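I'd like to ask you about the structure that follows.
When the chains are written out, they are named A, B, C, D and E in that same order, and each has its own residue count from 1.
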Amino acid sequence: MSDWLSPDEWRAVALSLRVSLWATALSLPFGIAVAHVLARRDFWGKQALNGLVHLPLILPPVVTGYLLLLAFGRKGFIGQYLDQWFGLVLAFKWTGAVLAAAVMAFPLMVRAIRLSFEAVDPKLEQAAGTLGASPAWVFLTVTLPLILPGVIAGAVLAFAKAMGEFGATITFVANIPGQTQTLPSAIYTFLQVPGGDPQAFRLVLVSIAVAMAALVVSELLASRVARKVAGR
Amino acid sequence: MTLSVALNHQFPGFTLDVNFVAPPGLTALFGRSGSGKTSVINAVAGILRPDQGRISTADTILLDTSSAINLPPHRRRLGYVFQDARLFPHLTVQQNLSYGRWFARPSNGPNFDDIVGLLGLQALLQRRPGALSGGEKSRVAIGRALLSNPALLLMDEPFAALDDPRKAELLPYIETLRDQTQIPILYVSHALPEVARLATTLVVLDQGRSLHAGPAADLLADPDLAPALGLRDAGAMISAEITAQGPDGLTELHSAGGPLWLPQIASPPGTRLRIRIAAQDVILSRQRPEGLSALNIMHGQITEIRLSDDGALVQLAIGAEHLLARITQRSATALRLAPGDPIFAIVKSVAVAQKDIGKR
Amino acid sequence: AEITVFAAASLKNALDSIAADWQKETGNSVVISYDSTAKLAKQIEQGAPADVFISASKKWMDTLSDENLINKDGRKDLLGNTLVLVASGKANPVDINKDLDLKALLGDGKLSMGTVDSVPAGQYGKEALESLGLWASVEANVAQSDNVRAALALVAAGEAPYGIVYGSDAIADDESGDKVSVVATFPTDSHTPIVYPAAVTAQSVKPEAQSFLDALSSDASAAVFVAQGFTVLK
Amino acid sequence: MTLSVALNHQFPGFTLDVNFVAPPGLTALFGRSGSGKTSVINAVAGILRPDQGRISTADTILLDTSSAINLPPHRRRLGYVFQDARLFPHLTVQQNLSYGRWFARPSNGPNFDDIVGLLGLQALLQRRPGALSGGEKSRVAIGRALLSNPALLLMDEPFAALDDPRKAELLPYIETLRDQTQIPILYVSHALPEVARLATTLVVLDQGRSLHAGPAADLLADPDLAPALGLRDAGAMISAEITAQGPDGLTELHSAGGPLWLPQIASPPGTRLRIRIAAQDVILSRQRPEGLSALNIMHGQITEIRLSDDGALVQLAIGAEHLLARITQRSATALRLAPGDPIFAIVKSVAVAQKDIGKR
Amino acid sequence: MSDWLSPDEWRAVALSLRVSLWATALSLPFGIAVAHVLARRDFWGKQALNGLVHLPLILPPVVTGYLLLLAFGRKGFIGQYLDQWFGLVLAFKWTGAVLAAAVMAFPLMVRAIRLSFEAVDPKLEQAAGTLGASPAWVFLTVTLPLILPGVIAGAVLAFAKAMGEFGATITFVANIPGQTQTLPSAIYTFLQVPGGDPQAFRLVLVSIAVAMAALVVSELLASRVARKVAGR
């Protein structure tokens, strides 16, 4: 098996996994927060926030990649300060791939979690309040457990999207083997050269295998959680 | 501790306009379906924010719309038994019961095992609420509220789904709570016998307004109110003191109208009790009757006779207290009853039910 | 030292093998980021850490040059390529000239090309057809893809009967020719010469970058490029 | 139409093992919380598929696990009033009420406006269920089931959230349904007076097993069963026939024990009624008493005396029927009661409540 | 305004709208059906179906485009029969763009709808059954209205994704101005030429405007529906 993939390809697999996991994990708290705000609050500019969240879905991925490059690039209006103040460089680094994947997956994650928020019966939260739980505790002990199916669904969607993300990633962090070359970038590269199709196909299989494993695990998890939330 | 409630709220098509004071003890909210009972309790809990209102205890203002004070529910130290159980589906019965204890409340509340035993929940502790029966759910909800060690207990028809034997086990506990702690209890029920047994204060709601509010004993003995409370359920309360425990399972009490014998009451002589006698359980007689299976015969004087289509409601003075009797017009005529007449009231001992007895 | 090369995606096969040899010889290491020329150029504009840029388009190299993002002195036109007409499946050669009735050849099928406004192969193709006076007749039948490989794939899949692609793309893929066959090569004078310019970037501080660029011009490298269907420009 | 039910089902930690026949009329399932009442009804409805069982009416097999027959709920022509209301949240009250009518059922069911009026739902028709009060919800649920024109009516504590006046309006309707249609009604309640009034058949459930099943009149008059049913609620049923309407709001009836006077019953002379007399409402007397407000004095003979810690349960023969009286042991001793003795039973007219009267 | 965009660009806008609307509308019944099956049934191969649905998310869009080409192309193993039997040709047609967009958006749609299915209380469906509604009627009168928020969310996600879809579309149906050139293709083309950025930017704005309008409408719709479903 280790012969089957070249070292660079192994690295692409590892990188894709790393990027997808980090992208999912890091965006989850933000996803929950934004979904909460969109589901529960009414405020001026809500539609704008909602639009912003959906933007990566609406724009061709390359455009999102360019926008990321313009904002978070070494010379970008955010990127330069991240660099100056925190020494954090994203463009052309694997960390940038995390950002790109997270941004691209964000709308999917937020929608799933938001739907779950909207399905929580506010009467249960009220009941928790009368029992002495402050809003923060209500969130942790009642709301969060009840939206867990949505959180899992959102995380799975985000992970799958991150595994498949290509346009924005290659545009933002390029396609440097061992550094920023994710599985989709590697697949793309093979597809660009004569005779590369079988190689690409191999990587597609790897990609499918990894994602399927993640899906199956998530389904098992989700069905356990769902049974619990249904009160059985 | 006294709870004062004044509320005004406008739902589309329904106006809530309520004003009452709940002194220490148990205050029952009584009224027909849709009269606003749950809404009042919700406002006290902080779940419904009324258009205008003020709700306060001696030391805390829970709500004052005129000065924009509105304590959030979790700062009100409530125990609320909702009309629908509202159990947390993702927690086990045990976790549901303990939920209120997770939030830094003084730990001198009731004992977990006691409450679990009282409510018969031992076998259910590890289950989740999803597949509990209706009555099981409401028992867990009651336990959850009691165990949160509240400073104010709100109970919205807590026993509606419970069978009588279970109810009979729980009512004394509520009485003890009422008598031994200082926490005010707001209690919604449409079962008047239950209300009569438990309530120190009665608030009658009708279409969103508090029609009558006052000491339960006074309101229940007021023949004017009987129609509003439901004729069948009219009845008065008299006080009595245990004098002796008979050998044959009867307890002797002393009342203003004479000695009474009730099925065994497990309290020592000297205990003072409140006894409810339903108006329809009283038979009136000109002479002291003989050879009857009924043991309790009280002597009094007719103070008022109120005739209606449904019969006659007769109020008797028994010492300083009052008794209500509901009889037919034909009997009232046949016996030629008139205010001021001396009269005997016959009450079957067993008709004074166990659950109509409350400790003072 | 490690150098980073940004190269047009179509060069992958050749460059990977040349880079491997060079690494063995010099002990340096090379990483190569392949993508479409336009994206690479834009990334360099945004400060990408590229030491060497190998473009598939003269225009983008000129743009970077105007912006002083490359070392103009070291720039060289590395490779050339041919433009060919390919057909789906086994097909007879055609003679490509002003008299060719390309429209009739296509029938109601499409002519598959790279995007004529942006993809270099598409631009060359349009230019060639225009100079042969064939463009107007087939313009409406052109299906454009976002890269040459995709254009070729449409022909290989039998969606489009004909396509215009680079010679380098047409050959290696399908030697048996049962999916695509080259039916004509466009006359070199029908379009501006196809060149792949290469240069060291202005920001590169690594001397190895220039030596890698030089190595691309070696005879050994030339052999590799030729084997992949490119022409080597001297 | 007769419904036969035989079920066996194993929940984790709870076994259901039930076997009874529900002849035409109303069959009450009576039992403590968690005894399996809802589970039985769910099985009849087709919502719970028991491990083993057979449920059938005269002309249809609803379920037979041994031959893998299992009619889906929508083919069982049910009207099910769930213990929790289960209203459709997205539909208005009106649409909820009409829901069952959308599905091609014969249209000779009850009239929409009649049911709406009976349940007092006029003002709520355009609202959605979300913000209805507890009692309002259960009224809509009752209406929805009744309006679906079912061939089998299942009611799981339908009145638990209703006030007494509303209940008093609804009970006669259920009686009419029971008597004038042939649809079997399975009725869950833990209020024995309600059960006694409505039930033709009684099934007593205990921990998942059907302890007793039979004609309600027999079971309720069986002193052996009194403890199981709750002593306070023991009582027997006797039949009577209206003979005259008195001018003073009383109706005269003829019973085996003599004439009875009850508060007005709006039925013509000749109507035969079932009257429940709670054991605790009966006073026994050796002599015919005089000068009492109680109008109803029946003559009978003691058939059985059963002593317990809670007192004495005395069964009397009144003609071919039986009456139960609950008195104290002390009274039983004082009166020297013995089987075979002739005896007078005194029942306050008003103690025979309106709601304890059912049309035969 | 009409001067601001060229006729070809106008056509790209119109085409993108048409493609997105059709893709959303046509995939909705399938999305609901698949979500229903995944949420409610347990069967052999469920995990495989679930994986298949997620595939377009996991694979780089170009790969999905190729696979579509292989399957639905004129000579594809499905495409040839579509052509023979129904005279339906997808390649190089706007109808093919609809297919590509629908496939790419499918996982997002299914997830949202599935979450809503899982949140429906089966007790309400049982109640409908006891009132005489057959499973199909229960679905139409109870389940469907209750999952409407999820259906709307799924449709919005799908529409947004369809507006932004590029990689699979251009690979499957290429880029024929006025016929298959969608907004993202047009944007991509401008980005590929030196100095094309301002042009691309113009089209990005158009794209955002259209999608925002759709979002705002959907939010209004969704909040009305949500209020209804909550029973108020």
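Operating definition for what follows: contacts are C-beta pairs under 8 Å (C-beta built on N, C-alpha and C of every residue); 3 or more make two chains touch, one makes a residue touch a chain.
Only a predicted model underlies this, so the values are computations on that prediction, with no experimental measurement involved.
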Original post:
Which chains make contact with chain B and with chain E at once?
Top reply: A, D
Original post:
Hey, which chain ends up farthest from chain E, C-alpha centres compared?
Top reply: B
**OP:** Among all other chains, pick the one whose mean CA position is farthest from the mean CA position of chain A.
**Re:** D
Subject >> Computed distance of Cα centres, chain C from chain B, in Å >> reply: 91
Original post:
So what's the Cα centroid distance for chain C and chain D, whole Å?
Top reply: 90
Original post:
Taking each chain's centre as its mean C-alpha position, how far apart are chain A and chain D in Å?
Top reply: 60
Subject >> Whole-Å gap between the CA centroids of chain A and chain B >> reply: 57
Subject >> Junction residues of chain E - those touching two or more other chains >> reply: 62, 66, 188, 191
Original post:
Which parts of chain B, given as residue numbers and ranges, touch two or more other chains?
Top reply: 84, 131
Original post:
For chain C, which residues are shared contacts with two or more other chains?
Top reply: 42
**OP:** Let me know each pair of chains that touch one another.
**Re:** A-B, A-C, A-E, B-D, C-E, D-E
Original post:
What residues on chain A touch chain C, complex-wise?
Top reply: 62, 66, 69-70, 73-76, 91-92, 170-171, 174-181, 188-196
Original post:
Along chain E, where are the residues that touch chain D in the complex?
Top reply: 123-124, 126-135, 137-138, 141-142, 145-146, 228-232
Subject >> Complex contacts: residues of chain B adjacent to chain D >> reply: 11, 13, 31-34, 38, 83-84, 123, 131, 133-136, 139, 156-157, 160-166, 190, 192, 230, 232-233, 246, 248-250, 261, 263, 280-281, 283-287, 289-295, 309-311, 325-333, 335, 346, 348-351, 353-354
**OP:** Please give the residue numbers of chain A that touch chain E in the complex, ascending.
**Re:** 47, 50-51, 54-63, 66, 107-108, 111-112, 114-116, 118-119, 149-150, 153, 157, 160-161, 163-164, 166-167, 184, 187-188, 191, 200, 204, 207-208, 211-212, 215-216, 219, 226
Subject >> Complex interface listing, chain B residues touching chain A >> reply: 45-47, 72-74, 76-80, 82, 84, 86-90, 99-100, 102-105, 128-131, 144-145, 148, 154
